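Each of the two complexes below includes subunit A, the first together with subunit B, the second together with subunit C.
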Partner chain A sequence: MMATKTFRCPARHGYAVEVSPFVPQRLACAASQYYGITGSGSLFVLDQTETGMVLVRSWEWGDGLFDVAWSEANEHVLVAGGGDGSLQLWDSANQHAPLRVAKEHRQEVYSVDWSQTRGENLIVSGSWDRSVKVWDQDLSRSLTTLQGHEGVVYSTVWSPHIPGCIASASGDGTLRVWDVKAAACRLAVPAHKAEILSCDWCKYDQNLVATGSVDCSVCVWDLRNVRQPVSQLLGHTYAIRRVKFSPFSQTVLASCSYDFTVRFWDFGGSRPLLDTVEHHSEFVCGLDFNLHIPHQVVDCSWDETVKIYSPACLTAAARSAAS
Partner chain B sequence: GALPHPPYCSMMETPAGAEVNRLSFAEVMQLVQEGKEVPGVTKPDVQPSNQSPTPSRMQRVQKPWETASSFLTHSGTQVHTPLLKCPVSLWFTTGP
Partner chain C sequence: MERLKVISGHLLPRGPSEPLRVLRSCGSGSSVPGTGEEVVVVHGRRTAIGKAKRGSFKDTTPDELLSAVMSAVLADVGLPAARLGDVCVGNVLQPGAGALMARVAHFLSGFPETVPVYTVNRQCSSGLQALLNIAGAIRSGSIELGLACGVESMSLRSIGNPGDLSSRLVENDKARDCLVPMGITSENVAERFGVSREKQDAFALSSQLKAAQAQNSGRFDQEIVPVTVSVTDESGRERRLQVRKDEGIRAGTTLDGLSGLRPAFKPDGSTTAGNSSQVSDGAAAVLLGRRSAVEVLGLPVLAVLRGSAVVGVPPDLMGIGPAVAIPAALRQAGLSLDDIDVFEINEAFASQALYCVEKLGLPLEKVNPNGGAIALGHPLGCTGARQVVTLLNELRRRGRRAYGVVSMCIGTGMGAAAVFEFPGPQREEGGRVAGRT
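Showing the complex of A and B:
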């Protein structure tokens, strides 16, 4: 198993990481000064090397940064969401400034995502102002505003299969599915009795969505039958901050938590918990699988580090899937 | 031969006042709630350039789930669902 690679960002608390859809060794990290309570934010573009990571580019923003998403159409472009309610478009080959800034949300933007579906080039944002907004790639003016959540929106994710379809998770305890073209909510699932901080779509079954909640559980939902979850994954001892489905397996997912750990699950088996990784000393907020490298994971934490590692449980899963 | 790169490389200059940034989450919250100044807080005024993005030179990379053979290999354990209502994609309008 490869050694863990660590990048230290002094005085910056990591909120989100995402691996580039184009460049296998490249990742972006959105981080904030003072845990995101006050002060500025930083956006980092990092390249992994054989033994660690090097900084390609970094920028400062006038408020905290809480999420980042790479463009699916241009390898240089990223979008980030800020504590001032803004979305900013950044260019990894341009040190000067953000390309564009869009300020419509009236409160913190906690989630940004860029659509992966071919033929679609849209950005979605979720805000503490309870709304979900859809934007084109130029971030000129929002195309649609989706209202319905009765609490802050923490997570907004495009379906990787269904164009114009978004899942969102909220402090109101619901998971919602939105039809962008109709500007309508197609489904509201009372998924948890506590706030839901994250959701993600299964990459191999268009009907499955996972949610991660303050109630310390990860649930997997079949949207065709939401009376009970397909699976309830228990083990974390504090709130789940982010969930991510594997790009390589239908039933494998990862979660990171305020309990300082990252856990890997396979809900297709009888004993779902594959592994618990305890290499952080603070809340773990960011998590992503490397799309290009089957067993590799990246995460970031309020302990001022970004880590890249290859948990043994994923290598084992990749081996058994290939056989 | 060339020396290897160090395991991590923090090329960003440590911001002024970072030495005092060992306050805990609770300490920062308390200062903010009491309306007190938090030491070393920076609030840069950053404006957009409104420039066009650097032109893309790379082709879109197929996702692992978008290749048929990958789907067969990695579809893993079948998840049985008791009710087979129509798939989610059919809830959505298609076409103009």
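Showing the complex of A and C:
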């Protein structure tokens, strides 16, 4: 296993990381002062080098920052969501202020995502005001507001396959699937008997969505039959903060948790838990796979670190599959 | 503080707002999950509970009962006794709380002489006190792993001799109240707080029925260590038998039958043999450790000790102890009553158990789901450890992360309580116990 690279951000507690879709070694991290309970936020753009990570750019924001997404159209542009209910569009070519700030949400914005399907260039945001909003790429205004969740919205993700389709996860215990064109909820799955903090789409099967919940379980759902999950992954000992499907394997996913661990799963196998990575000393909130470098993973934690590593379980699985 | 509340909700899903926890996690508190400093329960077993003086254990010495559970717990998890930092045994009736008896049991179990053992007597909470003592030694850094036990033979020893007491006790109300017989303290609670005979009998019936159902569906089978003993019957013939079932449970109990029983302690009283705990023989043992040590050895984590408390109450109303001790232990754990899934409250008497349940407003279905001492029996020094074993098996059966409380009243006016968290189904690496049948 390649050595873990660590970036320290003193007095900033990591909430989200995302690897650039354009530049393999580049990633962004949204972090907050005082564990995001109060104080300001920071957005870091980092490059990994041979030996570690270097800071390319950083911006400060007056309130905590909880999520970040790279533009799928312009390699310099990112969007972040903040505790003041704002979305900010940042340009790494511009040193100082955001290109644009859109403040429509009445409470914390906890998730942002940039659409990936052909012909679309939209942003989605999820907020503690229980709404999901869809925006054009300039954040000039929200195009649609999706209402229906009866609790805080924690996670909003565009389907990588179906245009205008969003999955959202909420404190109301439901996973919802939305049709943006019709501005309607197409499916509400009572996926957990506890808050759901994260969801993600499978990159290889347009019907599969994973959810991570306060009940410590990750569930994989086939949206065609949601009476029971395709798989329930148990092992975390505290709430699951984020789940991400692998960009390289249909049945591999990763989850990070308040139990300080990141776990890797293959729900296609008889022993789904591949590995438990315990390299943080606080809640692990941010997690992403590198699209360009197979098996490379990035995560960030309230312990003021961002880490890049290639878990042995993924590289070993790839080796055994190849042989 | 909306954000603090929301994030606290992620950590304590059933307690809507408990900011304490999250603040503790932000710092470097010793009970933070993952630091390895927590006191965890690895495993526990008990003997069947025998009827004193008439049952299968009537001729069995307590060291034999104790040895059966001590060795079974270690054998189940494959831990050599030499790894134990200390052994503490709760006992009430043996001379000096059975310090000698415990060391004999220790050697009968094949434990090496290098491992120490001692006993503790806090009356009916002795078995739980043994667990708290071992937990304290782990927390203080003195030991890494310890065995907490409880044992009583009420066949061979009776509650009797109060020891040597100052004659001045008659001048001091509280001191004098310490001599009030337990049955009278039950009558005091019933009278003072208006717990009717009917309610006591109904509670006793439900204890019997729940225990009978638990026994019939095999729910105790996994926790009970079969013990082979010799019993001398009335004709003087000795016979060997293996004891694996609790003897106090009466599936045929009816409300009619209970209401026909005469008051046992005073003519116009409401406490009867049917709505009081039974006099019994039994033993239980629980293996505890520091999480880091437990994980290094690849032992399973059955539960985490989250809090505990022992409190004092008026001696003549000693039965109200749990009503004071449970909130104190929950405060320490940073939990509320609503967070708790199962309460194991010792049924010394239906009067006091009911009083505590009603005082705390506990839903009856959360209390003693497998019956209590009215049906199973109350081998004094064993009871606390027995309750922990029964509680944790129940939480494990339910199969999801949950909290449970063990509590009891204590003669001379005290109450004790401990809060445990069942972390959810075992992770694969610690599955050694699962293989046991």
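Criterion: the second predicted complex is superposed on the first by the 319 of 323 C-alpha atoms of A that agree within 3 Å, B and C clash if a C-alpha of one lies under 4 Å from a C-alpha of the other, contacts with A are read in each partner's own complex, and residues count from 1 in each chain.
Simple rule for what comes next: contacts are C-beta pairs under 8 Å (C-beta built on N, C-alpha and C of every residue); 3 or more make two chains touch, one makes a residue touch a chain.
Predicted, not measured: the structure shown is a model, and the values here were computed from it.
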{"item": "Contacts of A:Ser58 with subunit B and subunit C, given as first, second, both or neither", "value": "first"}
{"item": "First (subunit B), second (subunit C), both or neither touched by A:Val214", "value": "second"}
{"item": "Partner chain in contact with A:His76 - subunit B first, subunit C second, else both or neither", "value": "first"}
{"item": "Which of subunit B and subunit C A:Tyr35 touches, first, second, both or neither", "value": "both"}
{"item": "Partner chain in contact with A:Ala239 - subunit B first, subunit C second, else both or neither", "value": "second"}
{"item": "Which superposed partner A:Phe260 touches (first subunit B, second subunit C, both, neither)", "value": "second"}
{"item": "Which of subunit B and subunit C A:Asp91 touches, first, second, both or neither", "value": "first"}
{"item": "Common ground on subunit A, meaning residues reached by subunit C in one complex and by subunit B in the other", "value": "35, 37-38, 302"}
{"item": "In the complex with subunit A, residue positions of subunit C that touch it", "value": "1-4, 6-7, 9-11, 13, 25-26, 33-34, 400-401, 423-425, 427-428"}
{"item": "Touching residues on subunit A, where the partner in the complex is subunit C", "value": "35-38, 64, 83, 107-108, 128, 152, 171, 194-195, 197, 214-216, 234-235, 237-239, 241, 258-261, 271, 273, 278, 281-283, 302"}
{"item": "Subunit B contact footprint on subunit A (complex, rising order)", "value": "5-11, 21-23, 33-35, 37-40, 42, 44, 49-55, 58-63, 72-77, 88-89, 91-94, 96-101, 116, 118, 159-165, 177, 179, 181-182, 186-187, 203-208, 222-225, 230, 247-252, 266-269, 291-292, 294, 302, 321-322"}
{"item": "For the subunit B and subunit A complex, residues of the former touching the latter", "value": "4-12, 14-15, 18, 21, 23, 25, 28-29, 32, 38, 40-58, 60-61, 63-65, 70-71, 73-79, 81-89, 91-93"}
